[in-house]
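Structures for review follow.
Heads up, the next two complexes both have subunit A, just with different partners, subunit B and then subunit C.
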Partner chain A sequence: MSVASTQAHPAGAATAGGLGVRGSRGPRRDRRFKPFGPSPLLIAFVVVPLLIESVAVFWPAIQGVYISLTHWNGVNPPTFAGLDNYRRMFDDPVFRKALENTAIWLVLFGTVSAAGGLGCAMFLQRERRGIAVYRAALFLPVVFSLTATALMWQTLYQPRGLANGLLSAIGLGSWQHAWLADPRTALYAQILPALWREIGYVMVLYLAGLKGIDPALHEAAKVDGASAWQQFRNVTLPQLRSVNAVVLSVIVIDSLRSFDVVWSLTQGGPYNSSQLLSTYMYQTAFVNTDFGYGCALAVVIFVLAFGVIVSYLIRAFKETD
Partner chain B sequence: MAATTPGPNAVPSARPSAMSSAARPAPRRGPGRSLRTAGFHTGAILLSAVWFLPIALILIISLRSTDDVLGHGLNALPHSFHPGNYASAWTGGGMEHALVNSAVIAVPSVALTLLLASMAAFALSRYEIPLRRTLILVMLGGNLLPPQILLVPVAKLSQVFGVYDTLTTLIVVEVGFGLGFYVFVLQGFMRSIPAEIQQAALIDGAGPFQIYWRIVLPLTRPALAALGALAFTWIFNDLLWPITVLITESKMPVTPALLTLQGQFVSYWNVIAAGSVIAAVPTVAVFLRFQRHFISGLNLGAVK
Partner chain C sequence: MSRFEPSRRGFLAGMGALGAGVALGGCATATTPSGGAAQKGGAVTLQSDLSSPLAEKAMKSLVAAYNKQSTYTVKLNTVAATTYQPLLPTYLTSANPPDIYTWYAGSDANHYSARGLLLDVSKVWSSLGNYPTALKTLSTDASGKQIFVPTDYYWWGVFYRKSQFKKWGLSEPTTWAEFLKVCQTIKAKGVIPIGLGAGTGTAWVASAWFDYFDIRINGAEYHRGLLAGQHKFTDPQVVKVFDAWKQVLPYFDPNGTAVSWQEASNQLLQGETGMLLTGTFFADAVPAGSLDDLDFFKFPVLDPSVPDVEEAPTDGLFASSHTGNSAAVMDFMSWMTTPTAQNMWTQTSSGTVIPANPQATSPATPLVQKGKAMLAAAADLTQFFNRDSTDALQNTADTALVDFIQNPGRLDSILSTWQSQAEKVWNS
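Our next item is the complex of A and B:
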């Protein structure tokens, strides 16, 4: 079940009534199932992983929401505060900055990596000599950690580093800059390494999607005299719809998780100019030990991600027939 | 490319694969075609070079002496060959110790993740478990949560239970947080195994465990290899969980250790470069060794 094959799934069992197939041993798809109920071993097979996930994820998540409703500095016991922490956000300029930066990150990082990934995939889609090397070159950064990537780019951004060197080489010496130290450029200078790493990933997703398009469609369009642009607009893009949905969720989830680059390079500075919600949350909770407000910020991140999570789950639901 | 069905109207061309070139006009006649090919390769080489440039420069800087870097600048051609930076990062910067920690964390985490996820996926895909769909989605949903909402509670709960700052806790957290995703992918894969195989085993008197261990797991090997390569990379590269669950410097795995090294060797760009290279080598090795699995794993995972 690659991305390419998701289109082949009949949207059959997508009705809400499909939730919980308790006792549906009927004619539906019983040939897949063993004809008797689960043995204790099978129950253990499900319950043990579920318990581990509950301890590591579900229980802490509930706790996190509760802590967001308290004042807690980690020394004194938490005191219930209602929605105080959420009210505080309205008067918090750093929160506003972090929210704004997260939005900028999402839009810039999202559009450029989607467009760049699709462009690279279309450019490199045909199997021909040397193609594997080109693809590997674009993909290689994907396996680096974001932290290692960030440190590599930190070197390139130094006053006498590659970025300024290239600028002066092409006659733009006056644009030279302390990229990470200037509040006006710190955020953008950190989106670039994240993009460098994401485009190869998105390219791989689109390559699989392009592979799944029936070439007969393009042949037919060509015979009808469609131009390259018309083919792209009316054949390629509609055929990629399911991959687009995948890419969108990957990008949104990755941007909301893009903590590592900023934490490695500027920790949100200078003067909070590159603060993201994720870095501000970490700083609030673990540097300033303001656990209540930190958890409230985490809940905001969750709410922002909620739409994507739900749409992802709906698609997953349709696939698990 | 999978079998391209040559339509009746297809323009005859040298190779059938040429027809599948979507979205750009198919190359037609002799000279135009070779020109196009040359153009493609020029563009592709340029693109790859731009992508590879940062890596090449970091590799070069990591091999230059500090005097050379200070004297000639970061962009200069190397005037020295100084592999000693790697020694500095390896021992002085603590990368050696950190790599051991990373192995101690990543290897059991990956093995446990695959074992537990395949168990759950097996039961949920091959048997009629009540609420199976709900269970799958609940587990997947847990993996999609932004980790930030878990950080404070996980740190505090592990303090309450006296397991804060231990590698075991980090392993449990990495396994627990990833599980849902792997269960989801694996159950999809296992559902495509024909029921007849299982029925035949059943007739031969095999119990569920034998069916799991002897039949379904071996058939799931490609997916397990793909997910294993992915999981190793993700866990090895992770920064957020180690800095949340661990506090002792000597327990840190590679990624947070790299930040320590950055603080320790401020402005020694050659040593920092060497440290980054050391941190990247294991995942690059996994990628090169399991390249095909790796790519198919990303697409397996992409049934998002």
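Our next item is the complex of A and C:
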């Protein structure tokens, strides 16, 4: 498989790809169709995770919704406030800014990481000598903790950091900037480190998806005289539909919970200009200890994430039906 | 021992809920031995946010020294400073709370005391006759009982390098006019006169300037009232604060809101900036040799009719009113006030703090002696913006002050936004 023979000898590639698919999917299928009835072990496998999930996830989530309906500073007993916290959002300029920034983040971060991830995957899908090095290099940022990543980028963005140094070296000294301190650039300067990480992750998802496409489809398209673009548009993309659903969920969730980068770099500043819903929620709940409003913000984030993903999934399922 | 230690940046970002859960679990298990009625002996937990390596080490040796000579046992539980602050209310209100806490005196302690969460430690104070009255007042809550035991305090000042000032032919300014002249001279030498460091997570340092302008122009009473919501940030008195600030703004580092406070202290040490208004905790990171070249002067006087007030953040201990072993708690707190314990602390930690017990030996460095003399001469002491109010109000200040430094022309709208944000904090 090391020779660039995929196109010249599609049959060989098909065997290799086919093997790969069988190798990874086989065992899972076997397990699913085990013919035994519900054994105690099986019940334990369902009940134990359910219990853990209930205690560790569902119960705190329900409690979070309850707290969002109260005024609570963590010290006094919470007092029921109805929808006060939600009403407060309407005339909270910081909330509006955070919502706007989150939308910008979602769109920019989402499209660039999906397009970039798919692009890298297309580029790196063919087996060539040393291709693994490139894949590993692109995936490497995913391994770093985002806080560490942020610290690294912070040094780059320093007024006398590498970013400004580079600009002056190529004669763009006038573009030099205090990237993180200027409210006009702070948000965008922070999307970059997040993208740097996310693209590698999305690439791996798409690489897996591309591997799963039956090469015979491309072969057939080529025999029919389809151009590279037509193949991409009419074979690759439709075949990636299931991966797209995963990628979209991952991107939406990741962008709504994007927190580490912003909190480490600017804490939503300067003067709230790069505040995201997630950082605003954290600040409200854990710095200002206004847990009621903080939980209300968390509920909004949850509804947004859940809404986007569910609506996509519904549409995706409708299409498959 | 600042609540805003440099390590603030090293926090476990994003893990708010998770971190809370883990830390909470840790504290719950840590407190189990403290249950049971007051008896001779037994263990209590000391919850500490002194998580920087130097401070944690100093605290460990203190606790070990106490345990060696006492029938009680204290267990130290160090929590990262950034996790500690949001969790403190949870610790105090939990069913089985840790017994003793490192924290600071002032508004925050009173807030917990008003809800009956803090142990009355007046008994400890009965043996502290030699403590300054100012510290006792600071440790007394609204109902008149003592709820806090100070261990040490430090000061803020305008720090500079002696060799640089000598080179520029400058001496320490005492009045506002002299200070402006010093700024002009330094600028003429091609050096940035005033470093700031209000970027990346340390925007709070800008409030030192606000605090000092306010206590120099409007006095300590007005300042405390303002932070408590009795005055408005849109008041003409507050506008006067910013008018004075505008006069020195041209001498501030243009990247002052972009670089972090750590970077700003480096700039001072490397001679890239002339002066830096900072607390003594910055000396923690100063290489031993450079410390001798550092000196400071008192924030210049703007209005001679206003008595001199200085910022002197005080650190110490308070305890939970739900402790199962108050005898042990009191015993440990009393021990922490002894000169022996306080000497140990000042020797093992960075050595730029002043022990609260006047009988303890302060570090003999000229810097500490000068700081101690400055505070002793002050008519009144304030803590710091967040310590005199809340961390929530500190947030509103960070937003307003960084905005002002970048856009001094928008002062009116900045102040009205600040007021409306602050009202939300006061009313919540």
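Side notes on the structure shown:
Following the convention adopted for this analysis, the second predicted complex is superposed on the first by the 258 of 321 C-alpha atoms of A that agree within 3 Å, B and C clash if a C-alpha of one lies under 4 Å from a C-alpha of the other, contacts with A are read in each partner's own complex, and residues count from 1 in each chain.
Here is the rule we go by: a contact is a pair of C-beta atoms (placed from the backbone, for glycine too) under 8 Å apart; a residue touches a chain by one contact, two chains touch by 3 or more.
Here the structure is a predicted model, which means the values were calculated and not measured.
In the superposition on chain A, contact of A:Ala181 is made with subunit C only, not with subunit B.
In the superposition on chain A, A:Leu41 makes contact with subunit B only, not with subunit C. A count of residues in subunit A touched by subunit B and by subunit C gives the higher number to B.
Legend: residue contacts after superposition of the two complexes on their common chain; A:Ile213 is shown touching subunit B, with no touch to subunit C.
Of the two partner chains placed around the shared chain by superposition, subunit B is the only one that A:Leu50 touches, whereas subunit C remains out of contact. When the two structures are aligned on the shared chain, A:Trp263 is found in touch with subunit B and with subunit C.
In the superposed model, A:Trp153 makes contact with subunit B only, not with subunit C. With both structures placed on the common chain, the touch criterion links A:Asn73 to subunit C but leaves subunit B unconnected. In the superposed pair of complexes, A:Asn272 makes contact with subunit C only, with no contact to subunit B. Of the two partner chains placed by the overlay, subunit B and subunit C both lie in contact with A:Ala285. Once the two complexes are overlaid on chain A, the subunit A residues touched by subunit B in the first and by subunit C in the second are 60, 74, 146-147, 151, 154, 158, 257, 259-260, 263-264, 282, 285-286.
Partner subunit C is touched in their complex by these residues of subunit A: 60, 71, 73-76, 93-94, 146-147, 150-151, 154, 158-159, 178, 180-183, 257, 259-260, 263-267, 269-272, 282-283, 285-290, 293. Residue ranges of subunit C in contact with subunit A, taken from their complex: 9, 12-14, 16-17, 20, 85-86, 89-90, 92-93, 111-112, 115, 117, 199-201, 203, 255, 257-259, 263, 390-392, 395, 398-400, 402-403, 406, 417, 421, 425, 428.
Residues 1-2, 4-5, 7, 9-10, 17-26, 37, 40-41, 43-45, 47-48, 51-55, 57-58, 61, 73-75, 116-117, 119-120, 122-124, 126-137, 139-157, 172-173, 175-177, 179-180, 183-184, 187-189, 191-192, 195, 198, 202, 207-209, 212, 233, 236-240, 244, 254-256, 258-259, 262, 269, 272-273, 275-276, 279-280, 283-284, 286-287, 291, 294-296, 298-300, 302-304 of subunit B touch subunit A in their complex.
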